[in-house]
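Take a look at the structures listed below.
In the two complexes below, chain A is the common chain; its partner is chain B in one and chain C in the other.
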Partner chain A sequence: MTLTYRAGPKDDLIWHGLDSMTLLFHRPSGITHMLADPAPAILEVMEEAPLTAVEIASRLRAQFDVEPGADMENIILARLEELSALGLVSRDSR
Partner chain B sequence: MTAMHQIHLKIGPAAFRIASAWRQPLDQLAALYRDYPAPVDDGVDFTVRLEPEKPWRRHLRPSVHIGGDFWLPDAAPLPLAQGLLAAEMGMNLQMALGWRRHLLLHASSVEKDGKALVMTGLSGSGKSTLSAMLAERGWRFMGDEFALLSLETGEIFPFPRLISLKNQAIAAMQNLAPESRFGPEMKATPKGDIRHLVPPTEAVARMDEPARPALLLFPRFGHEPVLRDMGQAEIFVRLTQASTNYVALGEAGFRALTRFVDEVPTRAMDYQSVEQAEEMIEGLWSQLP
Partner chain C sequence: MNDHLPSESSANVDQNNGIVTRRRALMMGAITASAVVSIKPALAQTAGSVLNCEIPVPGNNVAGGYIASDGSIVSADTPGAFPPAGRNFTGEEVRRAMNGRTLPGTSYDQSQAYVNYIRRLQSGQSGFTCYASLQMPR
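Right after this comes the complex of A and B.
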(Lines of atoms letter the chains of each structure in order from A and count residues from 1; the text may use other names and numbers.)
(Lines give C-alpha, C1' and ligand atoms only; values in the text may rest on other atoms or scores of the structure.)
Protein backbone atom coordinates (compact mmCIF):
# COMPACT_ATOMS: atom_id res chain seq x y z
CA MET A 1 0.00 0.00 0.00
CA THR A 2 1.40 3.40 -0.98
CA LEU A 3 0.53 6.67 0.69
CA THR A 4 -0.89 9.28 -1.67
CA TYR A 5 -1.84 12.89 -1.25
CA ARG A 6 -4.47 14.93 -3.04
CA ALA A 7 -4.83 18.70 -3.02
CA GLY A 8 -8.29 20.17 -2.41
CA PRO A 9 -10.37 21.56 -5.28
CA LYS A 10 -8.61 24.39 -7.14
CA ASP A 11 -11.52 26.77 -6.67
CA ASP A 12 -11.20 26.49 -2.89
CA LEU A 13 -8.00 28.56 -2.97
CA ILE A 14 -7.15 32.13 -3.92
CA TRP A 15 -3.43 32.52 -4.54
CA HIS A 16 -1.53 35.74 -3.98
CA GLY A 17 2.23 36.11 -4.28
CA LEU A 18 4.10 38.34 -1.84
CA ASP A 19 7.82 39.08 -2.25
CA SER A 20 9.06 36.18 -0.13
CA MET A 21 5.95 34.13 0.60
CA THR A 22 2.74 32.94 -1.01
CA LEU A 23 -0.64 33.68 0.49
CA LEU A 24 -3.43 31.18 0.09
CA PHE A 25 -6.94 32.09 1.10
CA HIS A 26 -8.88 28.89 1.75
CA ARG A 27 -12.52 29.63 0.93
CA PRO A 28 -14.21 26.76 2.82
CA SER A 29 -12.51 27.63 6.12
CA GLY A 30 -11.94 31.35 5.60
CA ILE A 31 -8.37 30.86 6.79
CA THR A 32 -5.43 32.72 5.23
CA HIS A 33 -2.28 30.61 4.95
CA MET A 34 1.17 32.06 4.39
CA LEU A 35 3.46 29.51 2.80
CA ALA A 36 7.20 29.53 2.16
CA ASP A 37 8.85 27.59 -0.67
CA PRO A 38 8.60 24.77 -1.62
CA ALA A 39 5.07 24.24 -0.25
CA PRO A 40 3.35 26.43 -2.89
CA ALA A 41 5.25 24.67 -5.69
CA ILE A 42 4.20 21.28 -4.31
CA LEU A 43 0.53 22.33 -4.28
CA GLU A 44 0.85 23.76 -7.76
CA VAL A 45 2.21 20.57 -9.38
CA MET A 46 -0.24 18.31 -7.53
CA GLU A 47 -3.23 19.71 -9.40
CA GLU A 48 -6.10 17.53 -8.24
CA ALA A 49 -4.67 14.04 -8.71
CA PRO A 50 -3.80 11.62 -5.88
CA LEU A 51 -0.01 11.37 -5.97
CA THR A 52 2.83 9.80 -4.02
CA ALA A 53 5.81 11.82 -2.80
CA VAL A 54 7.92 10.19 -5.52
CA GLU A 55 5.49 11.25 -8.22
CA ILE A 56 5.36 14.78 -6.86
CA ALA A 57 9.17 14.89 -6.80
CA SER A 58 9.33 13.94 -10.47
CA ARG A 59 6.74 16.57 -11.38
CA LEU A 60 8.77 19.19 -9.47
CA ARG A 61 11.97 18.15 -11.26
CA ALA A 62 10.18 18.54 -14.57
CA GLN A 63 8.93 22.07 -13.82
CA PHE A 64 11.58 23.61 -11.56
CA ASP A 65 15.33 23.73 -11.22
CA VAL A 66 15.84 21.37 -8.34
CA GLU A 67 19.13 21.22 -6.47
CA PRO A 68 20.80 17.89 -7.32
CA GLY A 69 21.40 15.62 -4.38
CA ALA A 70 18.66 17.14 -2.22
CA ASP A 71 16.64 14.59 -0.29
CA MET A 72 13.52 15.60 -2.16
CA GLU A 73 11.16 12.80 -1.24
CA ASN A 74 11.63 13.37 2.48
CA ILE A 75 11.37 17.14 2.18
CA ILE A 76 8.18 16.74 0.16
CA LEU A 77 6.76 14.24 2.64
CA ALA A 78 7.39 16.62 5.53
CA ARG A 79 5.68 19.51 3.67
CA LEU A 80 2.78 17.25 2.66
CA GLU A 81 2.22 16.31 6.29
CA GLU A 82 2.17 20.02 7.21
CA LEU A 83 -0.22 20.82 4.36
CA SER A 84 -2.39 17.93 5.48
CA ALA A 85 -2.48 19.30 9.05
CA LEU A 86 -3.61 22.64 7.58
CA GLY A 87 -6.39 20.93 5.67
CA LEU A 88 -4.99 21.90 2.26
CA VAL A 89 -4.26 18.32 1.15
CA SER A 90 -5.81 15.01 2.14
CA ARG A 91 -4.10 11.67 2.65
CA ASP A 92 -5.10 8.45 0.99
CA SER A 93 -3.50 5.20 -0.15
CA ARG A 94 -3.50 2.88 -3.14
CA MET B 1 -35.52 49.96 34.17
CA THR B 2 -33.59 53.17 34.47
CA ALA B 3 -34.75 56.08 32.32
CA MET B 4 -32.08 56.73 29.70
CA HIS B 5 -30.97 59.96 28.05
CA GLN B 6 -29.76 59.66 24.50
CA ILE B 7 -27.91 61.36 21.67
CA HIS B 8 -27.35 60.43 18.01
CA LEU B 9 -23.95 60.96 16.40
CA LYS B 10 -22.69 60.38 12.88
CA ILE B 11 -18.97 59.89 12.38
CA GLY B 12 -17.90 59.16 8.82
CA PRO B 13 -20.16 56.37 7.56
CA ALA B 14 -21.22 55.15 11.01
CA ALA B 15 -24.28 56.32 12.97
CA PHE B 16 -24.37 55.81 16.72
CA ARG B 17 -27.00 56.12 19.39
CA ILE B 18 -25.45 56.76 22.79
CA ALA B 19 -27.83 56.09 25.64
CA SER B 20 -26.81 57.01 29.15
CA ALA B 21 -28.28 56.86 32.62
CA TRP B 22 -26.63 60.23 33.28
CA ARG B 23 -26.88 63.52 31.42
CA GLN B 24 -23.31 64.66 32.00
CA PRO B 25 -21.40 62.48 29.50
CA LEU B 26 -24.03 63.21 26.84
CA ASP B 27 -23.84 66.97 27.43
CA GLN B 28 -20.07 66.74 27.02
CA LEU B 29 -20.46 64.68 23.85
CA ALA B 30 -23.05 67.09 22.45
CA ALA B 31 -20.71 70.02 23.04
CA LEU B 32 -17.69 68.33 21.48
CA TYR B 33 -19.62 66.95 18.50
CA ARG B 34 -21.61 70.17 17.96
CA ASP B 35 -20.23 70.75 14.42
CA TYR B 36 -20.88 67.20 13.21
CA PRO B 37 -23.88 66.68 10.94
CA ALA B 38 -26.86 65.00 12.55
CA PRO B 39 -27.69 61.52 11.25
CA VAL B 40 -30.11 61.93 8.33
CA ASP B 41 -32.72 59.51 9.65
CA ASP B 42 -33.23 57.45 12.76
CA GLY B 43 -31.27 54.52 11.38
CA VAL B 44 -28.29 53.75 13.59
CA ASP B 45 -25.53 51.23 13.11
CA PHE B 46 -24.71 50.82 16.77
CA THR B 47 -26.07 51.56 20.20
CA VAL B 48 -23.75 52.27 23.12
CA ARG B 49 -25.21 52.17 26.61
CA LEU B 50 -23.69 53.79 29.67
CA GLU B 51 -25.41 52.34 32.68
CA PRO B 52 -24.83 52.12 36.41
CA GLU B 53 -22.74 49.13 37.24
CA LYS B 54 -25.39 48.25 39.81
CA PRO B 55 -28.70 50.12 39.95
CA TRP B 56 -28.06 51.54 43.42
CA ARG B 57 -24.71 52.95 42.31
CA ARG B 58 -26.36 55.48 40.07
CA HIS B 59 -26.11 58.23 42.66
CA LEU B 60 -23.80 56.77 45.25
CA ARG B 61 -20.22 56.75 43.87
CA PRO B 62 -21.58 56.20 40.38
CA SER B 63 -19.62 53.86 38.17
CA VAL B 64 -20.21 53.58 34.43
CA HIS B 65 -20.61 50.22 32.79
CA ILE B 66 -20.16 50.23 29.01
CA GLY B 67 -22.73 48.19 27.12
CA GLY B 68 -23.99 48.03 23.57
CA ASP B 69 -24.61 45.82 20.60
CA PHE B 70 -21.11 44.44 21.00
CA TRP B 71 -19.19 44.29 24.24
CA LEU B 72 -16.25 42.69 25.95
CA PRO B 73 -16.84 40.91 29.25
CA ASP B 74 -13.75 42.40 30.85
CA ALA B 75 -14.47 46.06 30.02
CA ALA B 76 -13.96 47.57 33.46
CA PRO B 77 -16.44 50.13 34.75
CA LEU B 78 -15.18 53.72 34.88
CA PRO B 79 -15.97 56.50 37.38
CA LEU B 80 -18.69 58.88 36.19
CA ALA B 81 -16.15 61.70 35.78
CA GLN B 82 -14.72 59.55 32.96
CA GLY B 83 -18.14 58.99 31.35
CA LEU B 84 -17.02 60.77 28.17
CA LEU B 85 -14.12 58.33 27.86
CA ALA B 86 -16.55 55.47 28.45
CA ALA B 87 -18.73 56.71 25.57
CA GLU B 88 -15.74 57.03 23.23
CA MET B 89 -14.45 53.59 24.24
CA GLY B 90 -17.92 52.20 23.69
CA MET B 91 -18.10 53.65 20.18
CA ASN B 92 -14.64 52.29 19.32
CA LEU B 93 -15.64 48.90 20.62
CA GLN B 94 -18.77 48.77 18.45
CA MET B 95 -16.70 49.67 15.38
CA ALA B 96 -13.92 47.22 16.20
CA LEU B 97 -16.25 44.31 16.82
CA GLY B 98 -19.21 45.05 14.60
CA TRP B 99 -18.27 47.04 11.49
CA ARG B 100 -18.44 45.03 8.25
CA ARG B 101 -18.72 47.59 5.45
CA HIS B 102 -14.96 48.27 5.27
CA LEU B 103 -11.78 46.51 6.27
CA LEU B 104 -11.05 48.24 9.52
CA LEU B 105 -7.41 49.03 10.26
CA HIS B 106 -6.28 50.19 13.66
CA ALA B 107 -4.48 53.16 12.16
CA SER B 108 -4.52 56.93 11.93
CA SER B 109 -4.83 58.68 8.59
CA VAL B 110 -4.41 62.16 7.10
CA GLU B 111 -4.84 63.42 3.55
CA LYS B 112 -3.05 65.87 1.28
CA ASP B 113 -3.30 66.40 -2.51
CA GLY B 114 -6.14 63.85 -2.59
CA LYS B 115 -3.87 61.11 -1.23
CA ALA B 116 -3.95 59.45 2.18
CA LEU B 117 -1.08 58.76 4.55
CA VAL B 118 -1.92 55.82 6.80
CA MET B 119 -0.01 55.22 10.03
CA THR B 120 -0.35 52.07 12.06
CA GLY B 121 1.48 50.57 15.00
CA LEU B 122 1.17 49.53 18.58
CA SER B 123 -0.17 51.76 21.31
CA GLY B 124 2.61 54.27 22.11
CA SER B 125 3.91 54.33 18.52
CA GLY B 126 2.68 57.91 18.25
CA LYS B 127 0.32 57.34 15.32
CA SER B 128 -2.49 59.28 16.98
CA THR B 129 -0.31 62.23 18.03
CA LEU B 130 1.30 62.40 14.59
CA SER B 131 -2.09 62.56 12.87
CA ALA B 132 -3.24 65.31 15.27
CA MET B 133 -0.05 67.31 14.69
CA LEU B 134 -0.12 66.94 10.90
CA ALA B 135 -3.78 68.03 10.95
CA GLU B 136 -2.62 71.41 12.30
CA ARG B 137 0.07 71.69 9.61
CA GLY B 138 -1.72 71.53 6.30
CA TRP B 139 -3.01 67.95 6.22
CA ARG B 140 -6.67 66.94 6.40
CA PHE B 141 -7.34 64.81 9.48
CA MET B 142 -9.19 61.59 8.64
CA GLY B 143 -8.95 59.67 11.89
CA ASP B 144 -6.64 58.85 14.78
CA GLU B 145 -7.97 55.38 15.60
CA PHE B 146 -9.49 53.57 12.62
CA ALA B 147 -8.82 53.80 8.90
CA LEU B 148 -11.67 52.30 6.88
CA LEU B 149 -10.41 50.51 3.77
CA SER B 150 -13.04 50.21 1.04
CA LEU B 151 -13.64 46.63 -0.04
CA GLU B 152 -14.66 47.80 -3.52
CA THR B 153 -12.36 50.68 -4.47
CA GLY B 154 -9.36 50.32 -2.15
CA GLU B 155 -9.83 53.90 -0.92
CA ILE B 156 -9.53 54.97 2.71
CA PHE B 157 -12.68 56.43 4.26
CA PRO B 158 -12.41 58.84 7.19
CA PHE B 159 -13.62 58.10 10.69
CA PRO B 160 -12.79 61.46 12.29
CA ARG B 161 -14.10 61.01 15.81
CA LEU B 162 -12.68 63.11 18.63
CA ILE B 163 -8.89 62.85 18.84
CA SER B 164 -7.96 61.05 22.01
CA LEU B 165 -4.83 62.74 23.39
CA LYS B 166 -2.84 60.95 26.05
CA ASN B 167 -0.33 62.17 28.62
CA GLN B 168 2.43 64.36 27.02
CA ALA B 169 0.48 64.74 23.78
CA ILE B 170 -2.07 66.87 25.64
CA ALA B 171 0.36 69.70 26.43
CA ALA B 172 1.92 69.46 22.98
CA MET B 173 -1.44 69.96 21.29
CA GLN B 174 -2.46 72.76 23.68
CA ASN B 175 0.32 74.80 22.07
CA LEU B 176 -1.26 74.33 18.64
CA ALA B 177 -5.04 74.28 19.07
CA PRO B 178 -7.38 76.76 20.83
CA GLU B 179 -8.83 75.84 24.22
CA SER B 180 -12.36 75.80 22.77
CA ARG B 181 -11.55 72.60 20.87
CA PHE B 182 -10.63 70.62 24.00
CA GLY B 183 -12.84 68.44 26.16
CA PRO B 184 -12.49 68.06 29.92
CA GLU B 185 -9.18 66.74 31.25
CA MET B 186 -9.52 63.25 32.72
CA LYS B 187 -6.67 62.32 35.01
CA ALA B 188 -5.42 58.82 35.74
CA THR B 189 -7.86 56.87 33.60
CA PRO B 190 -7.02 53.24 32.71
CA LYS B 191 -5.39 54.74 29.58
CA GLY B 192 -3.45 57.44 31.46
CA ASP B 193 -4.36 61.15 31.40
CA ILE B 194 -6.82 61.73 28.57
CA ARG B 195 -8.11 64.85 26.91
CA HIS B 196 -10.22 64.85 23.77
CA LEU B 197 -9.61 67.30 20.95
CA VAL B 198 -12.23 68.23 18.36
CA PRO B 199 -10.76 67.66 14.87
CA PRO B 200 -10.29 70.73 12.62
CA THR B 201 -13.48 72.00 10.94
CA GLU B 202 -12.35 70.77 7.52
CA ALA B 203 -12.00 67.20 8.80
CA VAL B 204 -15.64 67.18 9.89
CA ALA B 205 -16.97 68.98 6.81
CA ARG B 206 -15.25 66.46 4.51
CA MET B 207 -15.80 63.33 6.59
CA ASP B 208 -17.58 61.52 3.74
CA GLU B 209 -14.70 62.09 1.30
CA PRO B 210 -12.37 59.13 0.83
CA ALA B 211 -8.78 59.29 -0.43
CA ARG B 212 -6.54 56.82 -2.20
CA PRO B 213 -3.88 55.42 0.16
CA ALA B 214 -0.48 56.61 -1.07
CA LEU B 215 1.87 55.80 1.81
CA LEU B 216 1.75 53.43 4.79
CA LEU B 217 4.01 54.06 7.77
CA PHE B 218 4.76 52.00 10.84
CA PRO B 219 5.97 54.76 13.18
CA ARG B 220 7.90 53.95 16.34
CA PHE B 221 8.55 56.72 18.83
CA GLY B 222 11.69 56.97 20.94
CA HIS B 223 14.32 55.52 18.62
CA GLU B 224 17.10 57.06 16.48
CA PRO B 225 15.45 58.48 13.37
CA VAL B 226 15.58 56.02 10.50
CA LEU B 227 13.40 54.83 7.64
CA ARG B 228 13.41 51.11 6.91
CA ASP B 229 12.02 49.07 4.01
CA MET B 230 9.74 46.22 4.97
CA GLY B 231 9.01 42.94 3.20
CA GLN B 232 5.49 42.37 1.93
CA ALA B 233 5.04 39.31 4.13
CA GLU B 234 5.83 41.30 7.27
CA ILE B 235 3.55 44.13 6.14
CA PHE B 236 0.69 41.74 5.44
CA VAL B 237 0.99 39.96 8.79
CA ARG B 238 1.18 43.21 10.74
CA LEU B 239 -1.85 44.59 8.92
CA THR B 240 -3.90 41.48 9.71
CA GLN B 241 -2.94 42.06 13.34
CA ALA B 242 -3.93 45.72 13.03
CA SER B 243 -7.34 44.82 11.61
CA THR B 244 -10.19 43.98 13.92
CA ASN B 245 -12.44 42.50 11.23
CA TYR B 246 -10.07 40.88 8.71
CA VAL B 247 -11.17 37.35 9.65
CA ALA B 248 -14.86 38.25 9.78
CA LEU B 249 -14.79 39.70 6.25
CA GLY B 250 -13.47 36.49 4.69
CA GLU B 251 -12.61 36.65 1.00
CA ALA B 252 -13.53 40.33 0.66
CA GLY B 253 -11.05 41.18 3.43
CA PHE B 254 -8.34 39.07 1.82
CA ARG B 255 -8.80 40.78 -1.54
CA ALA B 256 -8.83 44.27 -0.02
CA LEU B 257 -5.75 43.69 2.10
CA THR B 258 -3.64 42.01 -0.60
CA ARG B 259 -4.50 44.86 -2.96
CA PHE B 260 -3.47 47.39 -0.30
CA VAL B 261 -0.12 45.62 0.28
CA ASP B 262 0.50 45.44 -3.50
CA GLU B 263 -0.30 49.07 -4.19
CA VAL B 264 0.81 51.14 -1.19
CA PRO B 265 4.49 51.98 -0.62
CA THR B 266 5.40 51.21 2.99
CA ARG B 267 8.17 52.15 5.43
CA ALA B 268 8.93 51.62 9.09
CA MET B 269 9.80 54.99 10.63
CA ASP B 270 11.67 55.43 13.90
CA TYR B 271 11.67 58.96 15.32
CA GLN B 272 12.29 60.93 18.50
CA SER B 273 10.29 64.08 17.88
CA VAL B 274 7.29 65.20 15.86
CA GLU B 275 9.57 67.60 13.92
CA GLN B 276 11.81 64.70 12.85
CA ALA B 277 8.79 62.63 11.84
CA GLU B 278 7.31 65.51 9.87
CA GLU B 279 10.57 66.00 7.98
CA MET B 280 10.80 62.30 7.10
CA ILE B 281 7.15 62.21 6.05
CA GLU B 282 7.47 65.30 3.84
CA GLY B 283 10.59 63.77 2.27
CA LEU B 284 8.79 60.53 1.43
CA TRP B 285 5.68 62.41 0.29
CA SER B 286 7.64 64.53 -2.19
CA GLN B 287 8.97 61.37 -3.87
CA LEU B 288 5.57 59.79 -4.42
CA PRO B 289 4.38 59.43 -8.00
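Right after this comes the complex of A and C.
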Protein backbone atom coordinates (compact mmCIF):
# COMPACT_ATOMS: atom_id res chain seq x y z
CA MET A 1 0.00 0.00 0.00
CA THR A 2 1.33 3.43 -0.99
CA LEU A 3 0.58 6.59 0.94
CA THR A 4 -0.94 9.33 -1.18
CA TYR A 5 -2.17 12.81 -0.47
CA ARG A 6 -4.97 14.78 -2.03
CA ALA A 7 -5.49 18.55 -1.84
CA GLY A 8 -8.92 19.78 -0.76
CA PRO A 9 -11.41 21.21 -3.27
CA LYS A 10 -10.16 24.33 -5.03
CA ASP A 11 -13.40 26.14 -4.28
CA ASP A 12 -12.66 25.85 -0.57
CA LEU A 13 -9.68 28.16 -0.90
CA ILE A 14 -9.05 31.81 -1.71
CA TRP A 15 -5.46 32.53 -2.73
CA HIS A 16 -3.70 35.83 -2.37
CA GLY A 17 -0.07 36.29 -3.27
CA LEU A 18 2.20 38.50 -1.20
CA ASP A 19 5.82 39.31 -1.90
CA SER A 20 7.36 36.33 -0.22
CA MET A 21 4.31 34.55 1.13
CA THR A 22 0.97 33.27 -0.03
CA LEU A 23 -2.18 33.87 1.97
CA LEU A 24 -4.69 31.09 1.81
CA PHE A 25 -8.18 31.53 3.20
CA HIS A 26 -9.82 28.18 3.93
CA ARG A 27 -13.57 28.73 3.68
CA PRO A 28 -14.73 25.67 5.67
CA SER A 29 -12.67 26.54 8.74
CA GLY A 30 -12.55 30.30 8.35
CA ILE A 31 -8.82 30.10 9.00
CA THR A 32 -6.27 32.09 7.04
CA HIS A 33 -2.94 30.39 6.45
CA MET A 34 0.31 32.14 5.57
CA LEU A 35 2.32 29.78 3.41
CA ALA A 36 6.00 29.94 2.57
CA ASP A 37 7.73 27.96 -0.15
CA PRO A 38 7.43 25.18 -0.96
CA ALA A 39 3.95 24.67 0.52
CA PRO A 40 2.03 26.78 -2.04
CA ALA A 41 3.82 25.09 -4.92
CA ILE A 42 3.02 21.66 -3.51
CA LEU A 43 -0.69 22.49 -3.33
CA GLU A 44 -0.54 23.97 -6.79
CA VAL A 45 0.91 20.89 -8.50
CA MET A 46 -1.37 18.47 -6.63
CA GLU A 47 -4.46 19.65 -8.47
CA GLU A 48 -6.81 17.54 -6.33
CA ALA A 49 -5.28 14.30 -7.59
CA PRO A 50 -4.14 11.63 -5.10
CA LEU A 51 -0.36 11.68 -5.34
CA THR A 52 2.66 10.24 -3.58
CA ALA A 53 5.51 12.44 -2.39
CA VAL A 54 7.62 11.05 -5.25
CA GLU A 55 5.01 12.05 -7.81
CA ILE A 56 4.70 15.50 -6.30
CA ALA A 57 8.49 15.89 -6.41
CA SER A 58 8.43 14.95 -10.06
CA ARG A 59 5.75 17.53 -10.82
CA LEU A 60 7.65 20.21 -8.93
CA ARG A 61 10.85 19.46 -10.86
CA ALA A 62 8.89 19.73 -14.10
CA GLN A 63 7.47 23.14 -13.23
CA PHE A 64 10.10 24.83 -11.11
CA ASP A 65 13.80 25.35 -10.79
CA VAL A 66 14.26 23.46 -7.56
CA GLU A 67 17.20 24.36 -5.40
CA PRO A 68 19.91 21.75 -5.94
CA GLY A 69 20.84 19.30 -3.23
CA ALA A 70 17.51 19.48 -1.41
CA ASP A 71 16.11 16.32 0.15
CA MET A 72 12.95 16.87 -1.85
CA GLU A 73 10.87 13.84 -1.06
CA ASN A 74 11.34 14.03 2.69
CA ILE A 75 10.76 17.77 2.72
CA ILE A 76 7.58 17.28 0.67
CA LEU A 77 6.42 14.57 3.07
CA ALA A 78 7.01 16.88 6.04
CA ARG A 79 5.06 19.69 4.35
CA LEU A 80 2.24 17.30 3.38
CA GLU A 81 1.93 16.18 6.99
CA GLU A 82 1.83 19.80 8.03
CA LEU A 83 -0.86 20.62 5.46
CA SER A 84 -2.76 17.50 6.43
CA ALA A 85 -2.85 18.54 10.09
CA LEU A 86 -4.39 21.84 8.98
CA GLY A 87 -7.05 20.15 6.86
CA LEU A 88 -5.68 21.48 3.58
CA VAL A 89 -4.79 18.04 2.23
CA SER A 90 -6.04 14.59 3.13
CA ARG A 91 -4.14 11.32 3.42
CA ASP A 92 -5.11 8.43 1.25
CA SER A 93 -3.58 5.21 -0.01
CA ARG A 94 -3.63 3.18 -3.14
CA MET B 1 -3.94 30.61 -9.01
CA ASN B 2 -0.66 29.99 -10.68
CA ASP B 3 0.04 33.69 -10.84
CA HIS B 4 0.59 33.76 -7.13
CA LEU B 5 2.87 30.78 -6.77
CA PRO B 6 5.56 30.67 -5.77
CA SER B 7 6.76 34.13 -5.02
CA GLU B 8 10.27 33.96 -6.42
CA SER B 9 11.03 34.11 -10.08
CA SER B 10 13.91 32.40 -11.73
CA ALA B 11 16.39 34.35 -13.72
CA ASN B 12 16.96 31.29 -15.90
CA VAL B 13 15.66 31.53 -19.39
CA ASP B 14 15.42 28.56 -21.72
CA GLN B 15 15.19 29.07 -25.39
CA ASN B 16 13.78 26.27 -27.48
CA ASN B 17 12.79 26.82 -31.05
CA GLY B 18 12.64 30.49 -30.43
CA ILE B 19 10.19 30.12 -27.53
CA VAL B 20 11.36 31.79 -24.37
CA THR B 21 10.14 30.19 -21.16
CA ARG B 22 10.74 31.24 -17.59
CA ARG B 23 10.77 28.77 -14.76
CA ARG B 24 10.26 29.95 -11.27
CA ALA B 25 12.78 29.16 -8.56
CA LEU B 26 11.47 27.08 -5.69
CA MET B 27 13.14 27.09 -2.30
CA MET B 28 12.52 23.78 -0.58
CA GLY B 29 13.67 24.85 2.88
CA ALA B 30 14.49 22.37 5.62
CA ILE B 31 12.44 19.36 6.68
CA THR B 32 11.98 20.81 10.14
CA ALA B 33 11.16 24.33 8.97
CA SER B 34 7.41 24.80 9.16
CA ALA B 35 6.02 26.50 6.07
CA VAL B 36 2.63 27.54 7.41
CA VAL B 37 1.42 30.02 10.00
CA SER B 38 -2.31 29.94 10.64
CA ILE B 39 -4.48 32.83 11.73
CA LYS B 40 -7.64 31.70 13.43
CA PRO B 41 -10.72 33.93 13.44
CA ALA B 42 -10.45 34.81 17.12
CA LEU B 43 -13.23 37.34 16.73
CA ALA B 44 -15.81 34.64 16.30
CA GLN B 45 -14.71 31.57 18.18
CA THR B 46 -18.18 30.79 19.40
CA ALA B 47 -21.74 31.52 18.44
CA GLY B 48 -22.15 32.93 21.93
CA SER B 49 -19.77 35.79 21.28
CA VAL B 50 -21.86 36.90 18.33
CA LEU B 51 -25.09 36.56 20.26
CA ASN B 52 -23.85 38.59 23.18
CA CYS B 53 -21.54 41.25 21.77
CA GLU B 54 -23.00 44.72 21.41
CA ILE B 55 -22.88 47.52 18.90
CA PRO B 56 -23.71 51.08 19.99
CA VAL B 57 -25.37 53.30 17.37
CA PRO B 58 -23.64 55.61 17.15
CA GLY B 59 -20.39 54.72 18.87
CA ASN B 60 -18.86 56.62 21.74
CA ASN B 61 -16.62 58.61 19.43
CA VAL B 62 -19.67 60.24 17.84
CA ALA B 63 -22.10 59.96 20.74
CA GLY B 64 -25.17 62.12 20.32
CA GLY B 65 -24.83 62.30 16.55
CA TYR B 66 -27.82 61.60 14.35
CA ILE B 67 -27.77 58.87 11.71
CA ALA B 68 -28.57 59.72 8.10
CA SER B 69 -30.22 57.11 5.89
CA ASP B 70 -26.85 56.23 4.34
CA GLY B 71 -25.40 55.56 7.79
CA SER B 72 -23.31 58.70 8.06
CA ILE B 73 -23.24 60.78 11.23
CA VAL B 74 -24.95 64.12 10.83
CA SER B 75 -26.15 66.95 13.04
CA ALA B 76 -29.47 66.74 14.83
CA ASP B 77 -31.17 69.25 12.56
CA THR B 78 -30.53 67.23 9.39
CA PRO B 79 -33.81 66.41 7.64
CA GLY B 80 -34.57 62.70 7.53
CA ALA B 81 -31.85 61.77 10.02
CA PHE B 82 -32.62 59.50 12.95
CA PRO B 83 -31.70 60.11 16.58
CA PRO B 84 -29.18 57.88 18.36
CA ALA B 85 -30.52 54.46 19.26
CA GLY B 86 -31.66 54.29 22.83
CA ARG B 87 -29.68 51.16 23.52
CA ASN B 88 -26.94 49.00 22.12
CA PHE B 89 -27.90 46.28 19.65
CA THR B 90 -26.61 42.76 20.05
CA GLY B 91 -24.72 40.98 17.32
CA GLU B 92 -27.64 38.64 16.80
CA GLU B 93 -30.08 41.53 16.39
CA VAL B 94 -27.79 43.12 13.84
CA ARG B 95 -27.39 39.83 12.01
CA ARG B 96 -31.16 39.53 11.71
CA ALA B 97 -31.45 43.13 10.56
CA MET B 98 -28.85 42.50 7.87
CA ASN B 99 -31.02 39.61 6.72
CA GLY B 100 -34.06 41.81 6.26
CA ARG B 101 -35.66 42.20 9.67
CA THR B 102 -35.74 45.48 11.54
CA LEU B 103 -33.73 46.27 14.63
CA PRO B 104 -35.83 46.11 17.82
CA GLY B 105 -37.77 49.27 18.57
CA THR B 106 -37.08 50.89 15.22
CA SER B 107 -39.03 51.66 12.08
CA TYR B 108 -37.97 50.08 8.80
CA ASP B 109 -36.18 53.21 7.56
CA GLN B 110 -34.59 53.83 10.93
CA SER B 111 -33.34 50.28 11.06
CA GLN B 112 -31.89 50.60 7.57
CA ALA B 113 -30.06 53.77 8.57
CA TYR B 114 -28.63 52.11 11.69
CA VAL B 115 -27.55 49.04 9.74
CA ASN B 116 -25.89 51.30 7.18
CA TYR B 117 -24.02 52.99 10.02
CA ILE B 118 -22.90 49.60 11.31
CA ARG B 119 -21.73 48.52 7.86
CA ARG B 120 -19.49 51.58 7.74
CA LEU B 121 -17.77 50.80 11.04
CA GLN B 122 -14.02 50.62 10.85
CA SER B 123 -11.38 49.08 13.04
CA GLY B 124 -11.03 50.98 16.30
CA GLN B 125 -14.63 52.21 16.41
CA SER B 126 -17.07 50.97 19.03
CA GLY B 127 -18.84 47.84 17.87
CA PHE B 128 -16.45 47.08 15.02
CA THR B 129 -15.17 43.85 16.55
CA CYS B 130 -18.72 42.63 17.08
CA TYR B 131 -19.71 43.57 13.52
CA ALA B 132 -16.57 41.91 12.14
CA SER B 133 -17.52 38.74 14.02
CA LEU B 134 -20.78 38.63 12.08
CA GLN B 135 -18.80 38.45 8.87
CA MET B 136 -16.81 35.40 9.91
CA PRO B 137 -17.81 32.03 8.49
CA ARG B 138 -18.85 29.46 11.06
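Assume the second predicted complex is superposed on the first by the 94 of 94 C-alpha atoms of A that agree within 3 Å, B and C clash if a C-alpha of one lies under 4 Å from a C-alpha of the other, contacts with A are read in each partner's own complex, and residues count from 1 in each chain.
FYI, a contact is a pair of C-beta atoms (placed from the backbone, for glycine too) under 8 Å apart; a residue touches a chain by one contact, two chains touch by 3 or more.
Only a predicted model underlies this, so the values are computations on that prediction, with no experimental measurement involved.
In the superposition on chain A, contact is made by A:His16 with both chain B and chain C.
When chain B and chain C are set side by side, the one touching more residues of chain A is C. Within the superposed three-chain model, A:His33 lies in touch with chain C and out of touch with chain B [touch as defined at top]. By the document's definition of touching, neither partner reaches A:Gly8: not chain B, not chain C.
Of the two partner chains, neither chain B nor chain C is touched by A:Pro50.
Overlaid on A, the two complexes show chain B and chain C touching the same residues of chain A, namely 16, 18-21, 27, 30, 32, 34. Per the touch definition, chain C reaches chain A in the complex via residues 1-8, 10, 12, 23-32, 34-41, 44, 136-138.
Touching chain C in their complex are the following residues of chain A: 10, 15-22, 27-28, 30-41, 44, 60, 63-67, 70-72, 74-75, 78-79, 82-83, 86.
Chain B meets chain A in the complex at residues 231-233, 236-237, 240, 247, 250-251, 254-255, 258, 261. Here chain A touches chain B in the complex through residues 14, 16, 18-21, 23, 25, 27, 30, 32, 34, going by the rule given at the top.
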